[in-house]
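Following are the structures in question.
Note that chain A is present in both complexes that follow, paired respectively with chain B and with chain C.
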Partner chain A sequence: MSHDMAADVAVSMPDPLPNDRPSNQITNGVERNEDVNEPKPQIPRPKRPNFAQIHAKPLPLDVYPLPAFIPHNPLSLVRIAIALISQSFWPPSSQTVIHTGYFSKETQSVHVTDAQSIRALWEQGFFGKGSLSRSEPRWLDQEKRKRGLVASLTSEEATRLRREERRQFKLERARKEREAIEQQLREEGKPYPAIQDEEVSVESDLDKSQDSQLQASDERTEGVSPIPTSDSCVVADDNLRRELEEGKDISTQIAEEICQPDIQNQEHLQLTPEEAFFLAHATGALQVYRNNSVVPSSYLLRLFCTYSTFPFSEKAEAYMDTIYRLTELHGRNSIDFSETGAMAPDNPFILRYVVYLHFRSLGWVVRPGVKFAVDYLLYNRGPVFAHAEFAVIIIPSYSHQYWTETSERKAEVDKRQNRGWWWLHRINRVQTQVQKTLVLVYVEVPPPLDEEHRMFHKLNVGDVLQSYKVREFVVRRWTPNRNRD
Partner chain B sequence: MAQTLVTEPFPISRIANRYLIFDVNIISHIRREHNICGVLIGTIPNLSQQNVFLGIPMQLMPEETRLLVEHGHAYIVEDADAHKTGFMEMSREDRLAFLRQMDKQGVEMALDAKRRAADKQEKVLKEKGLERKIQEKNLRRTDITPNPATGETSVGPSDEKSLSDSMPPSPTVGSARGQKVAPYFITPTTSHPPLPTPPLSPAAELPKVPHTYPLFRHLQSKGYFSTPGLRFGCHYTAYPGDPLRFHSHFLATGLDWDEEFELLDIVGGGRLGTGVKKAYLIGGEDPEAKASGKEDGSDPVRAFSIEWAGL
Partner chain C sequence: MADYDENLSHLRGPSAADIDLDDETQDFRFLSNLPTHDVKDLTLPKRGDKDFESHATSLQLSTLEASRQAMHNALSWPRIHTQKTHLLATYHPESNMAYVKKAKTQHFQTLGHFKAGKNWLLPEEALFMIERGSMDCRWPVQVEEGRTDIIVYDGQEENERGVPMSLQGAYAAFIGFEGGVGGKLTLEMYTVYAGLKRAGFIVFRAGDWDDERLPIQYNEQDARDGDKVKSGNWAFGFVAEIWRRLSRKETEVPADRLKCGPLLGSGLYRSYADIYRLLQVIPTRDRNAPPELILPPDCSNPFRITFDVYKTAGAGKFKKSTRGPPDYRIAVVNARETPVPTMAQLNDLLATTPYDPPNPNGNLYQKLRHGSRNVILAVVDNGIPSYIRVGDTPFTDEKLYKRLGRGPPRGKKSGRGRGRGRGG
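What follows is the complex of A and B.
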């Protein structure tokens, strides 16, 4: 189904600002409201961009489905035959665009700097994170809005606005409560304590500096001198609010005044090692460069594994360099790993990648879940469509008998896989707060690889990944009062 | 008035590795004087699935017990041993006196039950407007001889039944109708009225505590009340005063000094803590400072609180 949709849509959307349309539609909406003679003119919500069209492709790949077979139209058979024959003679490539990136060991991520690649990787599968944004790379839009140019509202700004509104609401509520108490005291004929006057003035200062609209209506603040609000951030917020209320007129005015046409985009896309490896090895849509040459995926696996443990050993880094030089000498695909130290089968990168690949291949959009204290968040179609449904925690499981053969190995393994009840309760409660379902994913760790693979002088990535198994375990908080049938 | 009843050190019973206190006065005393709340775990005997409004005994955490014992406020009694030796070494006179006491209580209870049954029956009959039957019954009670009238046959069996229900070992109907009733067999719920309060034994070892004990001791020394914090995913929830008056301020998690932990734990703890308007607190004891601080008396524990700024 998704393949058909992908075939209909053009390859990628090079326009970095596909959201210009909504701003025009705001004014249209207002006019239409006036025509219908609605009693109260309300600000229409800015229309969301067509996410289903933007994110039509679930992965940065092109697929070529056969034409539909229609039983009562024999010509459809001909079309199928033509497609089959042409595709067998000239097999089409799934990767029309191959993106490029480079590994940065300081940030433990793969950087993608090309603007078109950034858009494409975000739109087709929600890969990566803007280095200056919360998730979607929107720094340029944000900067444009700060300077008053036309751009759509970014999610960071929406959050800031929502928090500011909530803060104002709380201040207002506190003020009303205080006034009610004052009123009550006055009715009872008790003297109003003098200390609270001071508090009120401090509070009103706060009100004033934060919100100029409240200031005019609030009579209590008359005696207090206004605090100058020259902070650029506050100005920007005011702009934001006014824009929302009155449409876009003011922002365009400011745009004419300031008129800084080209802003350098200082943002790049950061791919986590798992995302980069998935794109490079599983889809082939990404090439990771090092010194102007592409590194093969077996080297990439080693590289990510080396840097996923902390602290990195100097020795391992030196090894990675020697391997790399050997690769240069012997050509791309035959790498001798016999000289490197053994790669632990429960290396954090491998465990994370196995789980990442598992859920990606089941069709989930997998994003890092650090903010909810989990390893991954699973989105059904993507973060722009709905909230994440599941939160994934990775736990290594050592059930192979190799791990329990000696007592010290057993103790080490127990230390790694056992976590306390406190930990589980904490994680589970955090997930309950944000309405996600917790999934404990157990990854069966095979015995060490290198004993077998050392003989071959080659590390076959597919063989490595095949030796891992994944078990899913859903945990839900059960309270007798709420879950009684 | 309650203060005078508690003499320190008081005993803490150790039963099946739990530290229990059975005396209400001690419970209120340690709460008031030593900032220790414990957890009430007792249910009504025939309502074992009760999970709110629990009563005595109170269970103490090993940390709480250890703190009380270390400061000399309490001592631990191996309750099973104390019970056994106490009853074995009881003198004959004491034992007989105790048995007589139990018998007396049993008779009293049986009489009481009988009187209550009669009252209930009377009340029911009155509600139904059958005063005549009550009078007849009272008459019958005063004459011990049973009256084989046709009207009373319907009353007689039900009367007998209710009586025999309330006292299982009724020997004969005739004796049950008179003032003589079979005594209840009392299972004593406490062993301390017959047994003396067990003496302080200096050889008893300190309770084993988890590695989070230094943090607990530290919070306690700062005047905080601590309760178990499993439902918040932490070791202790720290209250600035009595938990009946305050909400807790900290979700305290104890760590070893050089213990490695994941940064995700900080994220989760900070997020959870801020979500319930508390701060996540981690703390541990510096072994070097502990060694050097023995002389100058400084506290070797350091604690850090973490809040989530984005919520």
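What follows is the complex of A and C.
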């Protein structure tokens, strides 16, 4: 049911915006020469889709609340009773749909290729990122717009428009400033400086540099989408597509045909290892495939840990392959691997996942924050509703006595914990610039897992996760002059 | 719509709150508006704007000239010591302090302590007064043996005969020569002290700097609240327990599901809150437990609260004998020698600050930004302090999933254009 809804929404996204908007914008800008300081005439913004309805579910799971009890309506009690009884005889599952994903070593992510799963995972909890989009998988819509077919304005386009608007505004402002100076010079009876003749000097130096920055960044933004279409990714994508097509049933094919009359969607959803592990291990709404079989959580944990450091350790890689083949051959619990390489307790994947799960379990929508120099961004409800308020940086903490028992260990730990203030200030400066609050999340690293955990088949994911402890500190700049009274 | 990740504007300057006016060169014309004679109604002047680019207009040049002149006039204002307010202090080498016999200025409302008929000034206080030009400090006179009485020559007291202490001499004498670790007062501490004093704060040493760290501060209020719940509501708890059993709501993930996942069973769940409750498996610090120290007491731990800072707002009523709790607590660290604190160091530092919960009626973000305990780190790099407020924030106290459907809180920052200003 959720899928039908998702598909509907994707098809019926309104497009209230005329195509010729950019050109309008520019002519507007030229006509508004006289008064830059006046409030800009309100450009009719496209009506937003009903996000509250689209993203009603915070996780890709269904819930079955009891009907409301209305005191003055005794019949409501009957409804509750019916719901209770029917659900106890035929209990529905909260995991209505189990999505499938494929681990890709090359991109270190889990690919989801089914169109409905992509929509569902994005809409219900904002998981993943479109492989050809900035964030929400919108490649198809963009493509349709390019070819003049109906689709709504994508956020990438909105950004481009806004930048153009802003640029025009700045050119205007610079021109006004220059005119004021010219007027002043005329009043003082001085000749205009020579550079005034050039048409280019409209912009002041400051503006010029900022504009060139802006253009550069625009180019970069546009450059973002072509990058993943490099050959390797296309190949991977095709492979996935083939895999998908084998298992695809007719109904989805029909749904896709309705969705995409002529363009084939080249995009898939990529989940970060943390997102994939959360969906698989915590919610059970995702099954991750390696080749043709579903891998269990304990294997997945090891797999993600192995690929979380770069370059990958070849030995660990080979080991993961061996385990995989052996489990295929012998079934899961019958082999004893005493030779397993120990998982480092401060493996980046585990640290990241512990923090990810911590904030997810409190209800935050956690998204990667590499563009803001941090590990995660915390959204309230989701990125379509509001900007992220908090930016999270993960710092491993080695306060367990194991780490200071010997002097070599202590030296090693001191080295790992040595972070300069310049590092912190850099990050914090970025956060103040984008009006976010920096949160330092210290993850207490336990001593290495004991022997029994090293054995692969006994790896207790819950125990591993619960041996870590998180603690948050909020960091802000403090300015004496603004806190005096 | 997607994330507004890339919408980070390259055009917007930092918000007004982040601009430290001290970092910039200003238009100093405001100084000429200062009343030159009537000291009584001296108020802090408003600063002017900054002009960035030179263009050949006479208007700009004259403005610049006027600004320079104003600065010059302000600086050339004669600063004089009248006989009436001339403040004479004597250096006391044994304690590395200075004493004043007669406190003639208002400074002593926020400085020094009175003992045995003299006003004693701590090294930073003495140094600040000397640097400010408000105090004339003298080296002590070598008293010959057998002559302990105060001799009066020509109406001069003994301490007036001492050699005046130069500013260089004062720095050399006062910094790093107290008994204790690292000479106690370091240059970094003095930089912060003087900076805050000049900015108009009232600053005192936190504790007496003799102990390794301040005592732990427990939150009494929390303990009391906990008792109330326990004693008063057992009947309610009983009913709740029965209801819990009847509704068979899972409150904990069974061990086998924890081991292999998924954490959620394949059954049905009545609400997302139930689901989120089950997902909470990562342990955090128990916020109700009293704060405890992790590191052993160690004088070399660089993170110790150095100064108690008071706002000037209530300066009229300020009494240094009954100071009350400070508005801010500042720990001074050297940026070049001390790395970013570890969790244990922050924990121990914050355990010595009082429990300071946010306003319970504030919005979610405000509460989280405030934290339950806080401290200000003054990170000094070669004389330039940078202040960072660190708050111990219990994210687990504000369960966001209980607010789902309510929408994010709107602060005063609302009304921003779509995506402009900040991304993400």
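Quick note on the criterion: the second predicted complex is superposed on the first by the 314 of 485 C-alpha atoms of A that agree within 3 Å, B and C clash if a C-alpha of one lies under 4 Å from a C-alpha of the other, contacts with A are read in each partner's own complex, and residues count from 1 in each chain.
Operating definition for what follows: contacts are C-beta pairs under 8 Å (C-beta built on N, C-alpha and C of every residue); 3 or more make two chains touch, one makes a residue touch a chain.
Since we're looking at a predicted model, the values are computed, not measured.
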Are chain B and chain C a fit on chain A, or do they clash, once the structures share the same frame?
clash
Could you say whether A:371 touches chain B, chain C, both of them, or neither, answering first, second, both or neither?
both
Taking the superposition on A as described, I'd like to know which of chain B and chain C A:407 touches: first, second, both or neither.
neither
For A:292 in the superposed arrangement: first (chain B), second (chain C), both or neither?
neither
Looking at the overlay, what does A:421 touch: chain B (first), chain C (second), both, or neither?
both
By the touch definition at the top of the document, which applies to A:433: first (chain B), second (chain C), both, or neither?
both
Under the stated touch criterion, name the partner, chain B or chain C, that contacts more residues in chain A.
C
Kindly point out the stretch of chain B, out of 26-34, 44-52 or 296-304, that overlaps with chain C after superposition on chain A.
44-52
Identify the overlap between the chain B-contacting and the chain C-contacting residues of chain A.
371-372, 421-425, 428, 433
Residues of chain A touching chain C in their complex?
45, 48, 51, 57-59, 61, 63-66, 87, 91-95, 133-136, 138, 154-156, 158-159, 162, 166, 170, 181, 184-185, 188, 190, 193, 204-206, 210, 213-214, 217, 221, 224, 280-284, 296-298, 354, 357-364, 367, 369, 371-372, 377, 380-381, 383-391, 395, 397-399, 417-425, 428, 432-437, 439, 442, 444, 460-463, 465-466, 468-485
Interfacial residue positions of chain A with respect to chain B in the complex
370-375, 421-430, 433
Interface residues, chain C side, partner chain A - complex:
1-11, 14-15, 17-18, 20-22, 52-53, 55-59, 195-196, 199-201, 253, 255, 257-264, 266-272, 274-276, 279-285, 294, 311-313, 328, 335, 338-340, 342-344, 346-347, 364-365, 368-369, 371, 376, 379, 381, 386-396, 398-404, 407-409, 413, 418-424
Within the complex, which stretch of chain B touches chain A?
229-235, 253, 264-265, 267-269, 271-272, 275
